[in-house]
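Note that the chains take the letters A, B, C and D in the order they are written out, and that residue 1 is the start of every chain.
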Amino acid sequence: MKRMPFALALAALVGMAGTPSAAQIDPASLPEPLTVETLPDKPDGARWVWIASFTNYAHADLIDADTGRLLGTIELGYQGVLPQIPRSGDEIYNHAVYMSRGFHGDLVEVVEIFDAKTLEIRGEIPIDPPKAMRGLPSINLTTLTDNDRFLVQSFFTPALSFGVVDLERRTFVGEIETGGCAHAMAAGPRRFFSLCGDGAVLTVDLDENGAESARESHPGFFDAEGDPLHPTGARSGDAWYFASVRGVMHAVDASGGGIEFQEPWTFREEDDAGVWVPAAPFQHMAIHHASGRLFLLMSVVPDLERKPGGYDFHRGPGFETWVFDIESRERLARHKMDKPTAAIAVSQDDAPLLYASTYTHVDIYDAGTGEVTRTLNPDVEVRDVVVMMQPWD
Amino acid sequence: MNWFDKISARAAAGLAERTSRRSALGSIGSAIAGGVLLPLLPVDRTFAQEAAGDAPEPRQDPTQCDYWAYCSVDGWLCSCCGGSTSSCPPGSRAAPITWTGTCRNPADGKSYVIAYHDCCGAFPCQRCTCNTNEGDTARYHPQRSNSVLWCGNGGAPFGYHCTMSRILSVAE
Amino acid sequence: MNWFDKISARAAAGLAERTSRRSALGSIGSAIAGGVLLPLLPVDRTFAQEAAGDAPEPRQDPTQCDYWAYCSVDGWLCSCCGGSTSSCPPGSRAAPITWTGTCRNPADGKSYVIAYHDCCGAFPCQRCTCNTNEGDTARYHPQRSNSVLWCGNGGAPFGYHCTMSRILSVAE
Amino acid sequence: MKRMPFALALAALVGMAGTPSAAQIDPASLPEPLTVETLPDKPDGARWVWIASFTNYAHADLIDADTGRLLGTIELGYQGVLPQIPRSGDEIYNHAVYMSRGFHGDLVEVVEIFDAKTLEIRGEIPIDPPKAMRGLPSINLTTLTDNDRFLVQSFFTPALSFGVVDLERRTFVGEIETGGCAHAMAAGPRRFFSLCGDGAVLTVDLDENGAESARESHPGFFDAEGDPLHPTGARSGDAWYFASVRGVMHAVDASGGGIEFQEPWTFREEDDAGVWVPAAPFQHMAIHHASGRLFLLMSVVPDLERKPGGYDFHRGPGFETWVFDIESRERLARHKMDKPTAAIAVSQDDAPLLYASTYTHVDIYDAGTGEVTRTLNPDVEVRDVVVMMQPWD
């Protein structure tokens, strides 16, 4: 680009006009004051995104997608995936596990409370004994209830259960046993549901203290043996959408405090490349709420034959992103990905960006046309693998 | 032609009607460019072989991802980390509870039940990333899911070091 | 020709009499092949510019390693991490005690004393690795050594995040 | 290579012949026993080397340099450099620092005690309050006294001092203040020395409990302002060798409990590439004891002009390794490095290998001819930077 005057360049690049380190230095301004940045107020129309990189100890960078500027970083702990961002308030939460000696020593499980403006850690809520589920990055291992008060975490001991943390009282409320259900999806002010090994949906209601007040099993949501669901579903309004291994969309509607299953619909398609089914490297689904469009990362396999033990989850990269209209269930577009893609996300403005992890970097597409427009910070070496992206709109 | 070329070729073929040859090649190019990195990443060999149409006969070298008993692995191979298919590298400890898979041994044509034990409590090995996932299922079927970190269970420490593939029995 | 090519060319020239052109080029090739990685590594820009003979005029862009006040940096630039030359990125804290260097500002021709404060207590930034080391000395002269991790001193936490280059005064 | 029979291949590759996972499986041998490896006995002539990789949390891999086989790994902690290997006994020590929450939280400083056969951690010795010096990987920040009993660690607060740990009693003995001396080099059963900012050598004697019993400053060892020494020197017998920025070799002889300075000798050389002086990316010196040969990684600069503040340490990669006969001080050879080199080490057998870190990998040279013979495990992606190598002969 044309060389900007230094002050402007600084303002753009570092976001601090009139710094004393500008070309001409007033000796009276020295020594420079020593300060600590806080996050700027988000300008109207700015598109910020948390980009989580994963290997061993993970972290999330907050990036201004339009300027590429890194605004701040938070640590996610061992095999952490994404921070929890409440609808309101001035805090960010991260459910983290650490070890007292790097990769050995005692296990510690905590919810760390970040100031959403300074990114300083205000405190932590211990979860003891630690039972957190970790492993391949998966977006629905942790959720916040819709009232922002309770954090629900998948436990694995290897029995499947959940831990509930009261973010207001800063305490670990306790453990909720389940009969083989995993992943937690918020579905109301004090309610979440989970996917179970028998194909049922389990709903759990919490009382005002976060203790279990009711639970209900809703059988027959999906065929766990014949066509298992990818648990990496996405929410829009009161509905959650999950894609199955064989390319059938299932939806749970939690509006009005109840649970209703929408009629599943098949979206897989066969062509000379093979059968197109959901890819599942890391995160394959994203929804643009205003337009009601669902984006799904797709992969191709030669057939739908079942393997011993069950279906493969096709963790290979995605080669296309398919766009569906949630209302009509019509497929509106097939976007070819410029590079093998590990995860997708979409911004919520009305000229939305489609973020695509290429493992080492993030490519930015026009979510409407499917054209790749640029690579975010192509010159920045990413040491880890970009596994998850979460717009902060 | 290695599996990655095959993926790309296959994908390119699939894309061909919807794209110019040039961009299809572009997609191959970038895929191959990714090759330097991809050994570190969860690359789905099963997918690759499916895409290749004809899956090559799995080999008998336990330091290679296509060793027959690795058909449902997702992790770093202990055989490359100072251990073996059934022993943890020095200083690490096995998680006694595991997910299991069923793999066919081409040498005798039999299928075997394989227990994929994680070795835990040592610095991440980060060698021989192998992500085959044959028959791998979701976490709501944990006993058949390799997505879960099994370290930390059964008294094992939490830090993931590598994964073994221990032969339990002939599959019925 | 960027500085790395210059190193290689220069070194190759030096090697020329003692080596075949081919292996000299080989040395360049491998050096350049290393380029992908080297931005992450302690690469000595001063050395590069010396090798280049004519050092280019340092620029005024604090997100670039050749910004004039970075003449004795060894670390990740806070200006690339959400901070600036004199402010730590959100969530990190400055080590109050620092090593200092003397850098010349081409804009006014004056030399300034620069305090290289580490920002501490946050996940390693790992962006904009800059290793200039002009006038850097050994640890037995810690006040002028950028080899030392300054985090952990003066009440700052220990974990290294990035390094600032704060202008203290005009050099006498 | 020619395909080996499987059992042999296994024996070579995994080192366990007759494993039940051989091609033909005896059902009666199932389930396979679950075991943990210990290090094999080192075969005569085998050349093992610890290869330390550094970024944030560091580790060292023990590699059989002839087969490339990874034998085991130990964790080195935050910015750790190399484990401490005593002359005798069945333990390995590592001076480590950790943080209680990954990269934040409370700082912990310990000496971890590894079983040299199983690589299990037998225990740790806390150093409290923590004062360890960390930063750019440097080989002489920690040393073991020649009686193997005391570990001496450079402290930095930013005052320079040393911490002494009694490995036999498993206790931190205490701190030894110095007047601006850094780095610890063993020089006797209960003695070490350090390099000081005034150009002196400081010797410190410890009593049988590790407390300071005597100290002596020996001024004039080097010109700290005019021609500072690289502290990354190497030892052979009772002598320690240090190269200066301007290419002058200095030696300290600690034989007989005294300290003697050998006459410095200049080895820099000018040619059309510039002036050849020591390179100092990480570790630039290695000594083959039996032959009395000193290997030094070299870099080239246009002139020896002094910069404001002092001389640069030329942290760029080395392009040559020079070989000196310690006795005659003759330069025997200039070995051109095949790739830009970050560190060197040499095996101690009589056909020694020269190990050269190329940042991402380790190249192996014939130390005699200077020919590069191979890259160690070229297919293994090294995520971190290979900064230090220590033969375990």
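Please note the rule applied: a residue touches a chain if its C-beta (ideal position, glycine included) is under 8 Å from a C-beta of that chain, and two chains touch if they have at least 3 such contacts.
Keep in mind that this is a model prediction, so the values were computed, not measured.
Participant: Would you kindly say which chain has the C-alpha centre located farthest from the C-alpha centre of chain B?
Facilitator: Between chain B and the rest, the longest centre separation is with C.
Participant: Which of the two pairs, A-C or A-B, is linked by more C-beta contacts?
Facilitator: Here the pair linked by more C-beta pairs in contact is A-B.
Participant: How many angstrom lie between the centres of chain B and chain C, each centre taken as the mean Cα position?
Facilitator: That gives a centre separation of 41 Å.
Participant: In whole angstrom, how far does the Cα centroid of chain A sit from the Cα centroid of chain C?
Facilitator: From the centre of chain A to the centre of chain C is 35 Å.
Participant: Measuring centre to centre with CA averages, how many angstrom lie between chain C and chain D?
Facilitator: Centre separation, chain C to chain D: 25 Å.
Participant: Which chain C residues reach two or more other chains?
Facilitator: Residues 40, 122-123, 126 of chain C each touch two or more of the other chains.
Participant: Two or more other chains in contact with one residue: find those residues in chain D.
Facilitator: Within chain D, the residues that touch at least two other chains are 55, 57, 75, 78, 102-104, 121, 383.
Participant: Give every residue of chain A touching chain D within the complex, in rising order.
Facilitator: Per the touch definition, chain A meets chain D at residues 55, 57, 75, 77-78, 96, 98, 100-105, 108, 110, 112, 121, 383.
Participant: Quick check: in the complex, which residue numbers of chain B touch chain A?
Facilitator: 7, 10-11, 13-15, 17-19, 23, 26-27, 30-31, 34, 37-38, 40-44, 46-48, 50-51, 53, 72, 74, 97, 100-102, 111, 121-124, 126, 131, 133-144, 147-150, 152-153, 157-161, 171
Participant: Chain C touches which residues of chain D in the complex?
Facilitator: Answer in residue numbers: 55-56, 78-79, 97, 99, 102-104, 107, 130, 133-136, 138, 154, 156-158, 160, 180-183, 194-197, 224, 228-231, 271-274, 281, 299-303, 307-317, 319, 334, 336-340, 342, 358-360, 385.
Participant: Name, in rising order, each residue of chain C that touches chain A in their complex.
Facilitator: 36, 39-40, 60-63, 69, 79-94, 96, 105, 107-108, 110, 112, 115, 117, 122-123, 125-127, 164, 166-170
Participant: Mind listing the chain D positions that touch chain B in their complex?
Facilitator: Spelled out, the residues of chain D in touch with chain B are 6, 9-10, 13-16, 19-25, 27, 30-39, 57, 59, 62, 70-75, 114, 117-121, 380-381, 383.
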